[in-house]
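Here is the structure we will look at.
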Amino acid sequence: MSWMARILAIDRRVIFVLVGLGTAIPLLWPVNLPITVTPRVEAAYQTIEALPAGSTVLISMDYEPDTMAELQPMSIAVLRHCFRRNLKLIVITLYPAGPGLVEPALRLAAAAEGKERNKDYAFLGYKSGFQAVMIALGESIRQQFPVDFYKTPLDSIPILRGVNSYSKIDLVINLTASTAADYWIQFAASRYHKPLILGVTAVMATDYYPYLSSRQILGLVGGMKGAAEYEKRMDIFGDARRGMDAQSLVHVIIAGLVILGNAALLTTRKTA
Amino acid sequence: MRSGPVILTFLVGTALIALFFIPHHKAQAINAELLVWATVIYAFALILGSISLWNTHARKIRLKTEGWPYSLVTLFALVVVTALGVWQGVGEGTVVSRIYNMVNSPLASTMFALLAFFIASAAFRAFRARNVEATLLLVTAVLMMIGRVSIGEFIWKGFPGFTEWLLDVPNLAAKRAIAIGVGLGAVSIGLKIILGIERGYLGRSR
Amino acid sequence: MGAELDTRWFDPARTNLLVGLLLFLTFLAINVLRAKRGGSIYIRPLAGLKALDEAIGRATEMGRSILYMPGLGSMEEVGTLASITIVSRVARKVADLGCSMQVPCYDPVVMAIIDGVVREAYLEAGRGDEFKPGSVHYVSAQQFAYVAAVSGIMLRERPAANVFMGSFYAESLFLAETGNLTGAIQIAGCDKVTQLPFFVCACDYTLMGEELFAASAYIGREPIQLATIAAQDWAKALAAAMIVAAIALSALGHPELGRLLHTS
Amino acid sequence: MSVVETWIAAFLTLCIFSFLYRDNPFYRFAEHLFVGVAAGYLLAVQYQDVIVPNVWMPLVAGPHTPRSIFLALIPAVLGVLMLARVWERMAGPARWAIAFYVGIYSGIAVPGYLQGQIFAQLSDAVKPFAPGWGAINSALVLLGLLTVLAYFFFSAPHRGIHGAGARIGTWFLMVAFGASFGYTVMARVSLLISRVQFLLRDWLHLIPTT
């Protein structure tokens, strides 16, 4: 069997090994492939960069373990940027499985930037009701979240003193894999006229380009690639940039295999 | 005996179609109630399904067919998790939710992750330039793959823009046409069943 | 403050939908009458369904079974309804030839329905005793637990043909790629656009979108069923014409037609 | 997750990865455990969320009014009829429950797909052409839409003008499928990355947490 014919009849497990290595190697030994920061991510970065120190930011992290690969590194990068800008963060989640992801992300970001709970950020935990919560935050945060995730009353949390509705919030950031984004645009941005930044999965990102061009959202971070760009902009080397190395490698492996297969097909067809 | 159920399907189906057009709160209350009834039937059907699952595996054990010990694992898990769930509930903090997070979550996400391997083997085998259509399929797929990762942008600045064009024009056009066709097919099959033209679901192929 | 209770008996915003429904019913009525009066209705051949016939024949010769997967949609998905109408005809062919068919189910109600359908097919074919109870069985209503079990069936019981008919999601590639490994002939029909590329790549034949809904009429070849497909085509032609007209009119400054199609 | 839970999750993860090599006892064990736990979990959820509030409470435990009993009785009877299919001779009566259930979802589907699929796509498709260069894209979208619709026409053979249109339609379909296929690769690889990260970081501690 000619060399080319053997390629065509390659055992699929060879392909599986290649994909497995293409994923594991960059995670262990980062390749640090070049990343260019696209305008949409830059716009999100600049919006946070422009906030004066001490401004209050409401972050709603509405996603669950199945989309963690794309959104967890994005959350950590955005949280670290807010901490680095000495902003006051109020963090909530509208998904029951949210706290299991949000809490570790907050701990990681705060530790990396030397920030403290209740002094620099407050995590209010999960509240069901989706749109109802978003609207109610316009009236009173305390009515929705009488106590924070750790059961401490809001009044005894330093950064929440005097903050009880959207009026005191300078920026809303929503990191989500679901239609929560549409409702945040409808309520936070349109109804309460709060500046809004979105962080969504790659699959969803293209649907929100129109909102960016119409300035309903001021920045859009899409998928693991967007998160990697944000990490590069923050000059940190997180899971997103490692992940993007693996993505690039596996995509190149698959594309290469397809090209190789067709090259083999052409030569065998010529000789046959 | 057979025409009775067909009439019931007609009555219920027509009622649901009518309720779509009637916003009256009493009508919508009936609509909601009927949907609750459907969920109750589903719950009982799930018990029937679980009995079917039990029979499948119990038969394997009884007949000692090849691989019957594995069926013991399924039946054991089924009994234990059902009993705990019925007795203690399944919410956050219950034993069942811990079992679920420890067993089903990793299994489901790893099964999902296997798709990365299968997408590679399927691409290698299927993307062969045998004719115009197959060539269009593979060229578009390769360009889309390369264009969406940082390497693509590194090769050609316009790559991401091009991949978005592929999604916004050809992909959108075909998706829209298929969606219209599926919509028409769905309405057609729904009406056929309600009007009794199609009775296959009652076990009558003629 | 009590919300304003709606007491209207008709929602005017949905008038266009009602007109659309009545139009479709008219097309249906005309074509059914045409069929009843013996008018012949041409329907272009669907390669996938011819292959399905051959696959059942070959499976019978080899004494191996057919694996029919009715999809991972519940009854809310019309692809599932389509799959039920298809399996009722396939079951009759399988019963006629004395072949055996296994139907692992995701939705328990679908299992109850298909169990009745297959049992009935064997009775009608005069082979009531050959029906194997449990051949139509519930596997799991969780996506990847179903996939894990069915992949096991494919690899261990080696059916001669894998038939995927209905609504499939991300698991489509997993099942089709595993089935491809076993060398079985694979015929798929799916209404989910995002899954069609994977079926096209991993299966021998794929019924795309609307073809899934037309399949049951094809296999049965009953005139009235073919009439409903003709009605669908009339509606499709009308839709295409309206799109072109609306765009042309709005280019000339009359966007009214386009607005007619708008839904709340 | 505690250490024990991490080790169990890692073991089960490797059992599933072993399927890539071939069907083996580890995969078979994980498969059967998966099916059993999933079946038990779903059964318990349906019991807690549906059976108790909609059947047990109104008929037995909870506050009853003649109306609430009657309203709860109908679905319960239909449900029991469905359940009775366990015995073969009860397959007949179960058809009433099936007919009701199929009627509900056919009745939902007809207007639902009419609005959500047909009219939603039509109202999108009739948007006026984009100005300037965008008009080319709008024209291409319209051309693709019409030719793919032509491909899906059943009552005319793919011959002549209709045949040519259908052929162009298949080209649009292939480009659309290629784009959709390539677009999905990243999402699938992301899932693999998070599983490999779980093994390398949470289990083997070979990757530093950021």
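Should a chain be cited, it is by its letter among A, B, C and D, assigned in written order, with residues numbered from 1 in that chain.
As a convention for this text, contacts are C-beta pairs under 8 Å (C-beta built on N, C-alpha and C of every residue); 3 or more make two chains touch, one makes a residue touch a chain.
Quantities reported herein were computed from a predicted structural model and do not represent experimental measurements.
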Overlap of the chain A and chain C neighbour lists contains B, D
Contact tally winner between B-C and C-D is B-C
Greatest centre-to-centre gap (Cα means) from chain A is with chain C
Whole-angstrom distance, CA centroid of chain B to CA centroid of chain C, is 13
Dist(centroid_CA(chain C), centroid_CA(chain D)) in Å evaluates to 14
Chain-centre distance (mean CA atoms) for chain B and chain D, in whole Å, is 2
Distance in whole angstrom between the CA centres of chain A and chain D is 25
Note: chain A residues in touch with at least two other chains are 12, 16, 19-20, 23, 66, 202, 225, 247, 250-251, 254
The positions of chain B in contact with two or more other chains are 17, 20-21, 41-42, 45-46, 48, 50, 53, 67, 104-105, 107-109, 111-112, 114-117, 119, 121, 123, 125, 127, 137-138, 141-142, 145, 148-149, 167-168, 174-175, 178-182, 184, 186-187, 189-191, 193, 201-202
Among all residues of chain C, those touching at least two other chains are 14, 17, 21, 78, 81, 109, 112-113, 116, 119, 139-142, 144-145, 148, 156, 193, 196-198, 200-201, 208-210, 214, 229, 232, 236, 239
Among line, ring, star, complete and other, the chain touch graph is other
Pairs of chains in contact here are A-B, A-D, B-C, B-D, C-D
Given the complex, residues on chain D that touch chain C span 16, 19, 23, 27-28, 30-31, 34-35, 38-39, 41-42, 82, 85, 88, 91, 94-95, 98, 101-102, 104-106, 108-111, 113-115, 118-120, 122-123, 125-129, 142, 145-146, 149, 152-158, 173, 177-178, 180-181, 184
In the complex, chain C touches chain B at residues 5-11, 14, 17-18, 21, 24-25, 28, 32, 74, 78, 81-82, 84-85, 87-89, 91-92, 105, 108-109, 111-113, 116-117, 119-121, 124, 134, 137-145, 147-148, 156, 170, 173-174, 176-178, 180, 191, 193, 196-198, 200-202, 208-210, 212-214, 216, 220, 222, 224-225, 228-229, 231-232, 235-236, 239
The answer for chain B against chain D in the complex is residues 1-2, 4-6, 8-17, 19-21, 33-48, 50-51, 53, 67, 70-71, 73-82, 84-86, 89-90, 96, 98-117, 119, 123, 132-134, 136-145, 148-149, 163, 165-184, 186-187, 189-191, 193-194, 201-202
Per the touch rule, the chain D residues reaching chain B in their complex are 1, 5, 8-10, 12-13, 16-17, 19-20, 28-48, 50-51, 54-55, 71, 74-76, 78-80, 82-83, 85-86, 92, 95-114, 116-118, 121-122, 124-125, 137, 140-146, 148-149, 152, 169-186, 188-189, 191-192, 194-195, 198
The residues of chain A that touch chain D in their complex are 13, 16, 19-20, 23-24, 27-28, 66, 68-70, 73, 76, 108, 112, 201-203, 223-225, 236-239, 242-243, 246-247, 250-251, 254
